[in-house]
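Both of the next two complexes hold subunit A, though its partner changes from subunit B to subunit C.
On to the complex of A and B.
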């Protein structure tokens, strides 16, 4: 007979639980709003998903090496304002402007990485300090005012609104980055190193893994991807705003930790699931036109409840039941 | 003669570096701005820093014990909303203040339960609690601030009153609070436990330090003090704000990490936080008087905080250890 205990591993149970919750959430929203389950809305939800999930994707690497990043939302503001400055004030074409924005993210990724990886500063406090610094710099571009000049004429809008054979660009970014990240983290030797550093740093060091490089790489990925997602958001909104990226913090952490609660460790697929759940909820709450603070409340509660569920040892209790059932049968 | 040299060396040692920074900043602004150097303005700075000092006292100990709390600005906002909501609905001020502190304490308790029982990392737990507190504050006001029509005389006196038209009452209260906290930190077991937890969590736990109890009390204390700050802020804004505009979060953290430069280099401590908060307020006040936009302040604070963190981190390394060993040797030789 099939061994029940082998099939009902903790991961399967968590997955079933997750899809159950996702199903309930989607069911409730399609009941509340008839527009929820339309193709049009699903495409919009996917576009929104790409913004949340790209920020969360970078954070996954930082959590994987066992650190926390409290700067990516600040840095993303700086990067988006850099891009807006090149487009709006210096009148550059979109592509080099985007590259400069990414460069800005890269720079602060390096600073964060060196501060935490090389100089061993405490991660949260150091990243808050460096993040605040970068956020202050973002104000300098236009004294904290919006930059909206040239946005309509330069073609930057296409960065977010364009599509390839009917698929919106953000959805393409989403899948390209996720597939690349999946291959990097789960299918290469280099990627395994992130987990090695995260689970036991000393062991990793003695097995010849360059711990510092991994931490720096993780912070660069986090800041660059957050910057990228904020640039997509800026292009969609049609103006550069110094506070635009601050809303990324909460959904990104929720997405990563919902993923952690499903798979017990930060994974690319888990982060995708988490971001999907968060995004679908945000989309649904927008459709039933509930105020933004209800949305925040639900996202915060989801974060806390998902971690609590993951902490309660389902495996222990369930294995006992499964073994009892098997004993009864055999 | 030798004695004098040792005193001079002591004054210039790392323990007092923040005081020197403070002095330099004050002298600089006094030269630049005639308004800054008036005694009224200096007393206003002292009063304004009182709010930050109340807000981050609990945070100082949480950081000293090696954990983190990012919820304090949102809990302050929540308490201001709770207070104003109940006051406008006709409850007496005393009860409303009590309720505001109780509700905030409940949020602190939630942080404590998440960290102790469910083994959350304190950062994640307090991010979650902060968001819930903020959205609760928004829900109370249905998305907008509530305005206070008349403010209780006693609370107003605490916030704005001056003894002999000079010394702010709030500054005196905060000073008493901080003296009490210093006693608690330096003279009782609690303080010993606190730094033991910060040094080595496992060892402290093995030594039988009641870790859970300490974290419960710190998170609740931090939330209750944040609530006190929120009540004062509500009086000063004469409204309950679901989201205090400005840089409360960054100011508070910078105060704590600058404070770690002082007295116990590398460890957040009460006296350091006291002067750290004054430093932040002097900086903000001076920049405003010189007509410098606030985001330059943001840049400076970010740099200062990183500097403070760096010194905290490097205090454990050879550089400081060597100096400390040297000083111990000198003391032994005397």
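On to the complex of A and C.
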């Protein structure tokens, strides 16, 4: 019994549970829709995955430094509309237009980062404010109307629909960004900084970690990656739409927190797992043509459940700390 | 007159691994001020927490007015008329004085809305002030009040419960000025007239001679004695009771072989927390700074590590002036602080031992672009674990799973891995068991062979036991500065407690 419990550590149990749930979800969908398990659909799911997972990837860093970002979906709309404006109204070629879109994301990442990291504003309220502001800006480009001019002729569609050796670009973005992010967060000293700041800011400061820099960097990553993801989505849709990025918020949070509930802390692999589960569900619900609100319902529920699971262990630690502190006082 | 109101008999309280109180007797007369004395960890707080229902006693009996009582929770204690005022009473700053007094027991109207009846609250508060004439304006918002006024409100809050018989004041003067202390003493006199018995906990010896009728000394969870306060009482004798004679063998023999001055502090002052600190540390020397909590050594240590910026004064490292804007500057100049609050300032509790050990010197285990050299990290972590004898399953074990002593060793290990020249230890053995204490002392001693070291602590024995030179701080001033051979423990204690140096 003792040996068994040693093998079934929390990590192993949660991994097994995760794959069990994933298996059940996939089983149910392939039962409900014969098209689910086709190669065609899997490729489509993978493209869907890249949208959700890129937004979630950036958010992972913000959660790692112990903050919340309620702006990235808004900012992504501003970035996508910036790109669309350059393509459709100014008739620029795709590459510089994409760069300006990324720059827009970078700008708001900096603003969010300074607001929370340097000026220590409460993260939720500040990012909602800044995000909403950026969303308002997005309306200014074309008074909130779609921008679709030049989308077919400029070649921007290739940004999403192109492929290399048969692999769709979005899948390549997905793997390139995830591998880079994995190296950054788990294989470099900078990754240590993100976690140190997130777990204990004061101790991090006492260890010579530049706390503010990490918070600013996290918000930049979050806003830029969400912007990138929305730009890919915009290219795929063939028009710029001020509301296109709003759907990123929930799936991204769900993905990160599913990851946290499996690995106890925000990790790149955990976020990937989470995004995978969320995308499979999104794909499946679309296939069985269920109404859109069913998807919201399920994704929302998944987020809540994963937050509860991820809290369990943390709470235990907290109790231990409280007892230890009381002992210390005595 | 000497009617006993409260009697605690054979009180024993154990925590895992520690006996906090062992068979302690304590009695309180009606209308007396009874001082409870003892150094840190003597058991004063535990005794009070047993009395106020925060802790449950393991064995022993409590009598109130000769009747056995059981105090299961703080609410019960209040119902029995036993109330505690802590040193930094919690209040709502944007509420007025009387609103804070009646917080939670507001008189409300009988309508469905249960509106708070300010008028009757104010009337009750006025009545309270009539009975206990404290000099305070209760219509002011608490955020505008001084410390003593807040403390007065906390006391009035207790008195507003009419059944209050016993008032515990937990180090009430630790954050008060001289003048405010006099105000508090006047208030205590008023309370005595109404027959309220007061248990007065303090570190400060000189106060008890002014205010207390009797005193009880605790040491290591045992009661050492209870005596009447008389005119001819000897401070040194009380100090001796608090300290005990024995100085255990847990300290290393001093190996003094001092080199050049490494670190020099000139006229350092900070925001009224400490003033005009002058100090120089040689290579191979351990400077000990003793003081009570609040004496300013905490701020001093944080200044030396670049966390706080001094108002004036200079720092020199090997005769070169340095300005420390942040801990990063301090680390680059070869200074490391083992902070006083390990949980908050010292460690990343959720991360592994090796994560923590290498955190302050990540450069050393990473390539130029930042990639971590995992093998080197592992090897170096193991090296430190062996060197400091940290009890852990592996380098990957989460720090939160280690014992307090081993956690502290991880923080020290993190410092050793930075290979600094100057080490500052603040309260290095708080929450650490005796065995680990001893090994930390030996570690500091070993480290001192080729480093300059400052140890600041409120643990008197510790400072006396490991330092080559001792400083005593009292309310931000250095009262005493001598080689350790030229001072006695009693002298240091009295200096630290009363601020009166005799040399």
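Rule of thumb we're sticking to: the second predicted complex is superposed on the first by the 305 of 330 C-alpha atoms of A that agree within 3 Å, B and C clash if a C-alpha of one lies under 4 Å from a C-alpha of the other, contacts with A are read in each partner's own complex, and residues count from 1 in each chain.
Note that in this section a residue touches a chain if its C-beta (ideal position, glycine included) is under 8 Å from a C-beta of that chain, and two chains touch if they have at least 3 such contacts.
Keep in mind that this is a model prediction, so the values were computed, not measured.
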For A:119, decide between first (touching subunit B), second (touching subunit C), both and neither.
first
Give one of first, second, both or neither to describe whether A:29 is in contact with subunit B, with subunit C, with both, or with none.
neither
Which of the two partners, first being subunit B and second being subunit C, lies in contact with A:189: first, second, both, or neither?
second
In the overlay, answer first, second, both or neither for which of subunit B and subunit C A:134 touches.
first
May I ask you to name which of subunit B and subunit C touches more residues of subunit A?
B
Under the stated touch criterion, which partner chain does A:291 make contact with: subunit B (first), subunit C (second), both, or neither?
first
When the two structures are overlaid on chain A, which partner does A:209 contact: first (subunit B), second (subunit C), both, or neither?
second
So in the superposed three-chain picture, is A:263 touching just subunit B, just subunit C, both, or none of them (first/second/both/neither)?
neither
Residues of subunit A that touch subunit C when the two form their complex
183, 187-190, 192-193, 195-196, 199-200, 202-210, 265, 317, 320-321, 324-325, 327-330
Going by the contact rule set out above, which residues of subunit C touch subunit A in the complex?
15-16, 18, 20, 43, 45-46, 49, 55, 305, 307, 327-328, 330-331, 337, 339, 343-351, 355, 358-360, 362-363, 365-366, 369-372, 400, 404, 414, 430-431
Given the complex with subunit A, which residues does subunit B contribute to the contact?
63, 68, 70, 114, 118-121, 123-125, 127-129, 131-132, 134-136, 138-139, 142-143, 242, 250, 253-254, 257, 293, 295-310, 312-314
Please output the residues of subunit A touching subunit B within their complex, sorted ascending.
68, 70, 115, 119-122, 124-126, 128-137, 139-140, 143-144, 249-250, 253, 257, 291-294, 296-297, 299-301, 303-304, 307-308, 311
